Structures are given as C-alpha cells and as structure tokens.
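What follows is chain A paired twice: with chain B in the first complex and chain C in the second.
What follows is the complex of A and B.
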C-alpha cells in the first residue's frame, strides 16, 4: 500500500484524472501523431511505412513530453500551484516523477497506437522483440524532452511557455526529419538535422526496427549530452523559482 | 486503488497489443495483403539453382517478401499463400553491382533492365545524390537501380574530368584536400574518387594531381571514414595511388606489364581493382557492341540511348588494337596474384551502355581466367564487401530481394549469363517497358519530300567546336564556289578535341524536325585533315548523345553515303543537327564541304 500513498503515484493519479476528466486537453497529444501517421505514413507517402513508424512515434512522444510536462508545469506555475507545493511538505521530486511517469504512459499509448496502424494497415512486420524495443526506446526517449519541457516551463513566463513550446515543437520535429525523412532534405538541412535530439531518438528507433543501420552509440551519446544540458537548464530554472517570481 | 487498476489495465492492454503485433512470420490477420505498401504476398522460387553470392545450391527454394529474401534452402516450407515460380533448369543470382558507372538521365532504369540493381557511380552531378540515397534505403517497388556515388571527382584545374562541361571543384595543393573532402561529404558523396591521369597513355599531355595531393586526399577521406578510389591509366599513376594508400583503383592500367613487386605490395595493402575491361576494350579497338546488339534477349532490352552509347566509338581506338593483349595479360596477372577484382563497365562511355555492358565485362573477366563463379562474385559479393554495402550482392535471408533469373546454368555454360528470364528489384518483377514511342511533339513529316541539298541552306550552317564541352579549339567558316570552307585549329583542352560546322534542321538551332522519309545522306569533303567525324544529333532531348561516325580523308574525298536506317540510335523524327568535324589530331586544319545531301532511296 506504500506505493499508493507515495507522492509520485499521487501525481501520476492526478495526471490520469486530468486525462479522464478533461479529455479535450490531453487527447490531442495522443491523437495527433496517430492521425498524422495514418495520413502521411500510410496514405500519402507509400512504401515508407516502417521508416515513418519510427519517426512519427518519435514525433508523438516528443509532443507528450513537451506538453504533458512542459506546458502543464508552466500553467500550474501560473496558477500558483507550484508555489503552494513548494510551501507544503509535499516532496517536489514526487511531482517530477509523477509527471514523467504520465508522459511515459502517454508515450506507451502513442507508440502502440501507431504500431497497430503500421502493423495492420502498413504491412510492417517486426519481431516481437523489435516492437517491444521500439516502445521501450521511445518511452525512455521521453526523458530528454521531459527535461526540455520542464526547463522551458520553469524558465519562461507562464504565459509565454505554451506558445514557445509550440513554436519549438513543430519546427524541431520537421527539421529532425520526423515528418519527411531527413535523407530527402537539401544537404545543409541534412547536416542541421544531425545536431537535433529528435533526429537521434528517431535514429535509435530506425536502428532497432532495422529500417536503417547507423552508429547507435553516437546517437545515445548525443541524447545523453542533451539530457545533461536540459537537466542543467531545469536546475537553473528551479533555482530561479523562488517566492518572488511565479 | 481504482485508478491504479485502470492504469495497470491500460499498460497491460498495451503490452498484450505489443505481443500480438504482426511479426515477419505472420501470414494472416493482415487485412491488407493487397495493400501496396507492404505485407505483400511472398514469392517462392522453387526447384531452382541459386548462387547466394558465395556458393551455388544446385536445387533449392528461395522465398522473398516485402523486399527481402526471407528464406533459402533445399528443404524449406513454402508459405501457402506464396506466388510460386518454378525455376527448374534456371538459375537465380543476386542483382549485379556495376562498380564503375556515370549515372544520369535514364541510367538507373536502363541498368535495371539488365539485372544491374546497384550502381557505383564514379563521377556525376552531386544534385542527384540526395534522391538516390533516399531511394536506396527504401524497399518500395522501383523501376530504377540503386545508386551510390563519388559525386564530384578530385582533379586539378584543367585535368581529366573537367572536359565534360560540368563545373568541377578542382584542387591543386595538399593543403586543400581536407576542405575538398569536407565539401564532398556535404554534397552527399559516398566515397572519394581521385583522378591521376597525365594523358600519356592516350598520346596527350594533361595536368594531373601530384602524389602529395593524392596522399592528402586519401588521408582526408579516411579520416572521415570514407573510402578513396583512384582513376589511373598507367603504372606511374598506380604507384602513386598505392603509396597514397587508396582503397581501390577504378581502372586497370595497361601501359606495361605489371611488375611483380607492385602486385605483391598491392596484395599486401588489400587494394582492389575495378578493371573496367569493357571500356578499355572500346578504347583498344575491341568493342563488343555488335555482338551484344545481336543477342536476341539482350537487344530487346536496349533503349535508344543505350544503343547510341554502345555503338559510339573512341576516336583512334583502332590505333591501339595491338596493345589489347596487354590488357588481358595484366588482368590475368591481377587475378593470379589474388587481388580483389570488381566488375565495372564505365558506362555510358563510347562502346559501353548501362546494364548490358556488364555482360561484356563478365565475358572479359572469364577470358582473363576468372571462373564463372569468380566472375559473378566480382559483380556481386566482392563489390558489396569492398564497399561495405549491406544486404546487397547476396541472396541469403535478410538480403535485399534484388535478383536475376537466368535460363540455363551459367556455371556450366557462361553464355547463360545473357539469358535473362526476369529481374526482381526490392522483391518486385521489373517490367521491361522501354520508353514509349515518341508522342508527336515534333513537326509532321514533310509531305512531298524531295532530295535536299543541305549546302543551299547557307544560314543553317553554324560553326561548332569543343568549346561547348570546355575545350579550346577554334574554327571559322566561309562560303565559296567549292562549297563550305572551314578553317581552324584543334587545340588540347578536352579529351577529344573537335571543330567544324553543323547544319541545323530548323531555323532555331538544335530544335527537332521530323525528317522521316530520308534514307541516305551523302557527304563529300576535301581537305588536309586525316580524320573526320560526322555527328547526328537527334532524339527527345537536345543534349542526347549524338550518333557518331568517323571517316578517313580518302573516304571523305571520294564521298561517303550513310544509310540512315541502319544507324542505331538515330531518331529521324526528331533530327536536330548534322555536324561535320575535324577530329583527333591537334593543329591547324582546313577543309571544304563540297557535297551534303539528304536523299530518298527511290530517287536514285
């Protein structure tokens, strides 16, 4: 029963209730990538259903992480909720863990939904271990984007954060080759893509499904570096979050 | 508690779904078996001889699905829903890899009809590379061979490679190498091609990269984990390349017998050689064009463009005939020394054509002593290995379903390499659709055609020289009572200097006109020049390769009659221009076109 009273669980439960009770707010995060994949991955660009499964699932988990994490933090900050939490004895780590767990739960649902489309309508065939590996990579892959969302949510003003996250989200997804394979970009955009974190998460997904062989260690390393950078930004944002500002 | 249950339930449902997602073995449950994008019906070749890239199975089954080989063996289960192809008496080989081509235009489709499914380009416009890269990563059905490319080649200002009219970024110093290689990587080059060519083997002098720059380029490429290959034509160049540490040579050199110590060091260095015996055959007066074009199965797959490049000839190739045996000797020496040999055609140079020239190459490799299996490996597993191409040049499970079905057994009878019964690319049978007959975008044929004296159209004749290709030759023309007088000077600057005059078929230069009906052309030219070249420009594109014929001064003085119906690759319904040029020998020239007529057979 200990787990049920732990703060992390309580916050996960809040996020869950949020989904169940206010679907209008959270459902788009779940549905958009799935609809996009159905539209682009299956109908518009034939023959790339496996490739786009990997990139659109990356696109989906990025949204889940940035929105369920970053935007909600910013909104809650604007409402004074974070301040109240800090004043209360509630361990703040619980909030972070709860939200991260919720983002991963979303990621799970998104990746599985896109996989179902890919498998049953796109003709994608993978070993069960590869399907599971894809889901695992994408769930763990939410971590840097959770931290990115969190740092933006903390560093920007509560009003600006959702707008800025939206502005970052779509171009970042496009430039990382999540909508259209980066290999179809002009060379300078291709070289730009290799510097972006979603590109490398997609590389890992492409690798594990066998759609493309690449040097996965490099991608892991780059994602770890970004994770450290975003964690540092988060810590900075957290420090600035004293009583005087909200 | 309630919420824990629902979350746990959701996770459990997700896990169950993951477990039942379709795997490569799943046969049914996919309502999309007719869906174009995947989950395709498997194709099973049964009772067929298979070369998997390394060994021959005398009677086996091979199953392909979704663009890959999924099973190979003598006694394997055949899926119930598979399309079964009985391969009795036939042989399946991996799609061929041509390790030396220049790919643009229709090259990739032309090659695929002959079972060449992967092409390694050694110089083309880098603009083609991004699309090529996307396509070769895909397993979707395609009518084009996959392409890897060096993109731009490394040469000095004015060196070999700069004569084709394409802008080439040149370099002259070792310290430019790193930057040059970085630029190629930005353009999407898959490897680096370095030109070491002083022209000495072809009777001319050309600027070329020095040894230090070659070494710097090789090091820069290797530092970026790119391979470096070298164009050489003589032992001196091959020595520079070997000492620089290049990965391979993309031509055989035949200026002299290969010294034993060079061979020893090349073996030790693991150097590979793409001998391009086919293009050398063309340059040494041994073109295989006629034989290839008469082959019933092969000729049916030739496009107009392929016929043109196949029947074109290198100027002066007959002068080098005597040296051909050295080419074969050197090739045999490489093979005996144990150097890796990669089949490559250098298409579409004169006397070669994409795809079909690999047939010639295999034949030449066997002439030089390779067994049929060794020759085939040099066009499949050996290049795949040398260039690190995964899943290509092989037919084992996991390999790309790029394959060729041959009637007969090429290992017993090498002639069977040419008996192509079918080509599959990414698991799909390739349709042998040649370009549709030209839709009429050209003018209708003249109604009452009459023999035509081209010299009466004085303002349709225009001076034309190799400056069009980046050369330096000059010419001017004047009219007098003898006819059209052309004076000028052939100057070095391109591989094949030329200068002369062209008669345009329309008032707009190079615009196509429909001149079907004319069957003969008669030319009479007097002058000092030793050799003349006639070029006929035709076809859908203004930059199509012209049909070329060379004639001696004596022939031209007597008068030459060309039978237009027999010129392979000539499209009289879209004739653009007819040119008469002095070619091949440098220096001042002067000649007079005394007669130039288009005739109807019946008019004689």
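What follows is the complex of A and C.
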C-alpha cells in the first residue's frame, strides 16, 4: 500500500474535497473573520490593527474547527456516514486526523489572509519569526476547538448540534475579547474572560507578536487543561455511540 | 465444504428496558445466502450491529470467523446498512477508492463498477445519482474489500423492479463464486429467490431457521379455488378444511391438505371449472409465524404445546 492509497491520505483527500465542494460552508468560514477584521481592525478601530490581528485570527480558526468538526460530525451521524464507517474497518483515527488537518488548513488560510490585510493596510510589521510563530500558534490552537466541536457533534443530536454550536461560538468569541479587547469589558466580564479557552489562545498570539506581555505559560496550561476536558468529552461521546442505535 | 461463519448462543441485547434480542441461538454456514426475515422491531438490525461489533455484547456468546467481532473481523465483512449515507458530494470513484483503502485486498475497480452496474457514473457525485444508483454504489462499497461475508440490510428497499433484479443477479453471482451473504429483507420473493436458508426473527427470538420449504411447512395450509355451484356445507365438515367461502360462483377453501378436498369437489361436481391449488406462500407462512405471537395462535406454539 503506497501513501496515495493509504486510508489516511484518502480520508484527507475526501475531507478536503467535501469542504471545497460546499461553498455555502467554506466561503463564510473563510471570509467572515477576514471581513470582520477589515471592518473592525482596519476601518473602525485602526489603532489596534496588531491586537485585532491576533484576536480575529483566533476567532477565525475557532469557527473553522468548531464547524468543520462539530457540525460536520453531527450531520454525518444523521446521514448514517459515521455508522457506515464504523461498520467498515476504516481507521476512525484517520477520519479524525483528516478533519483536523482540514481544519488546520482552513486555519492557515484564515491567518495568512488576515495577516496580509494587517501588513498591507494596517501597517503591521513583524519579524519573520513572529509571523511564523503566529501561524503556528493558531494552527496548533485549533486542537482544543476541534475536540470541543467533535464532542458536541457526538454528544448532541444531529439536529441540535448546528444550533448549539452557533449559540456557543459567537458568545464565546465575544466574551473572550476576540471582537473587542477584554480590557474594555466591565470587571466581572474581564474576570470571566480569563477562564475561557479562546482568550488564552489569543493571549499566546498576542505574546508571540509582541502586542502584549503576559505569563504565556498560564495560557498554555489552561489550554492543555481544556484540551484534556474536551478529549474526555469526546471519548464519552464516542462511547455513547456504542450503546445507541444510531 | 461449508464452515460455520457465524454462531451465537444465548445472545440477548437490551436498549434500556426494551429487550431487542432474547437468548438467540443461530449459526450461519459459509457459501450460503441466508435471509433474515422479521417484522419491524424484530431485532434484525440489532443482530447485524452486534455482528459488526458496533455494540458491545451484553449477554451470551457471539463468534464470527471463530473470534469475537471487532476490527479484524470487519476486514472480512462488507456491510450495506439500512440507514447509511455517504458524504454526498464525493464521486463514485472517490468513494470506492476511500473504502478500498480500508481493506487488505480490494476488488478490481473496473470489475466492481461492472458488477454494481455503475458504468459511466464514475465521476458523478453521490447526490446526483438516482435512488437505485445510490443503492448500487452502497452495494459496491460493501463488496470492494472482497468480503468473506456480505451483510445486506434491506438492500432493495426503494428500488424499481429492474434495479432489484440487477442487484439480485449480483448477489446470485456472488453466491456462485462461493460468497456468503446475510440478506435482511422484507420482500419474501427476494428471500425465496436468493436464499439457501431462512431465519425468521420475531420479538427478539428466532422463530425458525431452515429452508423456504421448512418455513412453509410450519403452516401447511393450501388454498383451493374453483367455479362450481355445489353446496359448501359438506366441504365445511371435512376434517382437513379450515375455512370455506363462496361468492360469485367461486368457492375458496383453505385446507391443511388439498388432495381429499379436490377429490370431494370432483365427486360432487365433475363439471367444475377454473380449479386452482396453491401451496402456502412464504409470505403467508411468515405472517402466520410472526402475527401468531400476538394472538397466541402460532402453529409453532400449538405444536410445542
């Protein structure tokens, strides 16, 4: 079996083809964070181009991860696709890795697009290592959100998952200070923000680009804890499939 | 020489308080087509899901190829499930390549396309296929790994008669080449046409396992029809007669044995016409076996009693 006929490659190829053939999903996922950044980061709050580059790219990768995992897994459960794969010797890890790789690829496109806008129109200047660091942080940062999406897609009913993920996504982004810096919030919301995973991913991006100096180890630790929690929820969701008829 | 592919002993499975399978005892031999029949909710899909290792075994024993169901046994099984879909913007060839990558030995793509009747549709997305073509693609995905056991759960539901016949031919060809098939269906003609043995499952229990003749023999009734003006009173009193109806000059008789009734009919009216004798159909035997359970007039129960 060569690489091109391996299940991992086939899953990645099919996952990517599935996404690019759904422009109704793909275009909003890719364009919304870029358009939001153009409006808020460049036109409405021009002095915060670098800050908002970090937070809007976090907003973008979070959407790509939640929707490409959570909603798609829920829809595929409803279609019977997941059941058909489980009935075959398909390596389910291949399915998950294929989706994660696709989400990371989306993250790459989003971060690069926003970075291009920030560089050309926002006057943001960074060292090459900082640009690379920003892209890497955001791509690796998709992992906890992929797991959150996956757990919601497995635990919720196929009909409820898309709605619930939308309800979680936008408030979580706002409360984490991704649209407006959390420093502008009332004190109790500022305190709440420090417990949310998107806030800490944005903190890592802000630190690596030099927009802020904070204890990045705390952010890494909190993201690791959330990753473990979401992984446990995913395992629970997977176990529930074994006991259900769907 | 046929071998035991699948065997279960005292197999039970529950969904909460609902008992889906109740101490099922069953074995399937290689090289045969076995039809699994049963009304909705009989436990057929649960049994298939247990064979595929999709549920943990709660009670009893189940062995497939001599081992417990899991990833290794799934490499030797192809499954076309009752509720299954695919990512519907992938093409026929992309889906075949994806599923082919899961198995150690995949079928030749051209032969598979030909067997499933998908010639010319290779580059078409699943969502743009007709219902029959989609079913045939799901069949192709089930056989792409050259399985030792093919499980088909209601494969022809929703197909037009021509598409059904094409799928029947594919299943027959598979059997001719020594393949083993477990066919779950609601179509009795399909079971009669294709199956070497039939298993009737009802309310989670195996009612009977045997050939179509064995199933029919459980309800050994025959229907006799003829056009005659003779009185039906003497017929009703015959020992083998269960029911007699007369309307529009036609007499319809349900009897456990046809021969004495036919002799009586000719003795009473040598000029009778339009005589027909039909043995019990598989469908009527199936209905008698499964419906009897609710009204407690099951011939099996009576025999057991």
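FYI, the second predicted complex is superposed on the first by the 241 of 246 C-alpha atoms of A that agree within 3 Å, B and C clash if a C-alpha of one lies under 4 Å from a C-alpha of the other, contacts with A are read in each partner's own complex, and residues count from 1 in each chain.
The working rule: a contact is a pair of C-beta atoms (placed from the backbone, for glycine too) under 8 Å apart; a residue touches a chain by one contact, two chains touch by 3 or more.
The shown structure was predicted, so the numbers you read here are calculated from the model rather than taken from an experiment.
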Checklist entry - Since both structures carry chain A, what do chain B and chain C do when superposed there: clash or fit? => result fit
Checklist outcome for this item: Geometry row: CA centre of chain A as apex, chain B and chain C as ends, angle in degrees (steps of 10) is 160
Next on the checklist: Contact-wise, after the overlay, does A:83 reach chain B, chain C, both or neither (first, second, both, neither)?
Outcome noted: second
Checklist entry - In the superposed arrangement, does chain B or chain C reach more residues of chain A? => result B
Checklist entry - Of the two partner chains, chain B (first) and chain C (second), which one does A:21 touch, if any: first, second, both, or neither? => result second
Checklist entry - After superposition on the shared chain, which partner residues are touched by A:49: those of chain B (first), chain C (second), both, or neither? => result first
Checklist entry - Is A:131 contacted by the first partner chain B, the second partner chain C, both or neither? => result first
Checklist entry - Looking at the overlay, does A:123 come into contact with chain B only (first), chain C only (second), both, or neither? => result first
Checklist entry - Regarding the shared-chain residue A:7, is it in contact with chain B (first), chain C (second), both, or neither? => result second
Next on the checklist: Applying the document's definition of touch, where does A:186 land relative to chain B and chain C: first, second, both, or neither?
Outcome noted: first
Next on the checklist: Just to be sure I read the superposition right, which of the two partners does A:108 touch: chain B = first, chain C = second, or both, or neither?
Outcome noted: first
Item to check | Closest Cα approach, chain C to chain B, once both complexes are overlaid on chain A (Å) | outcome: 11
Checklist outcome for this item: Where chain B and chain C land on the same part of chain A: residues 9, 13, 17
Item to check | Interface residues, chain A side, partner chain B - complex | outcome: 4, 9, 12-13, 16-17, 20, 42, 46-51, 105, 108-109, 112, 115-116, 119-128, 131-132, 135, 181, 183-188, 190-191, 211-213
Next on the checklist: Could you list, by residue number, the parts of chain B that touch chain A in their complex?
Outcome noted: 1, 3-4, 6-7, 10-11, 14, 17-19, 21-24, 26, 29-32, 35-40, 66, 130-131, 133-134, 137-141, 186-188, 390
Checklist entry - Any idea which chain A residues touch chain C in the complex? => result 1, 5-7, 9-11, 13-14, 17-18, 21-22, 76, 79-81, 83-84, 86-91, 242-243, 245-246
Next on the checklist: Show me the residue ranges of chain C that touch chain A in the complex, using the header's touch definition.
Outcome noted: 15, 45-46, 49, 52, 54-56, 71, 74-75, 77, 79, 81, 83-90, 94-95, 97-103, 125, 138, 141, 145
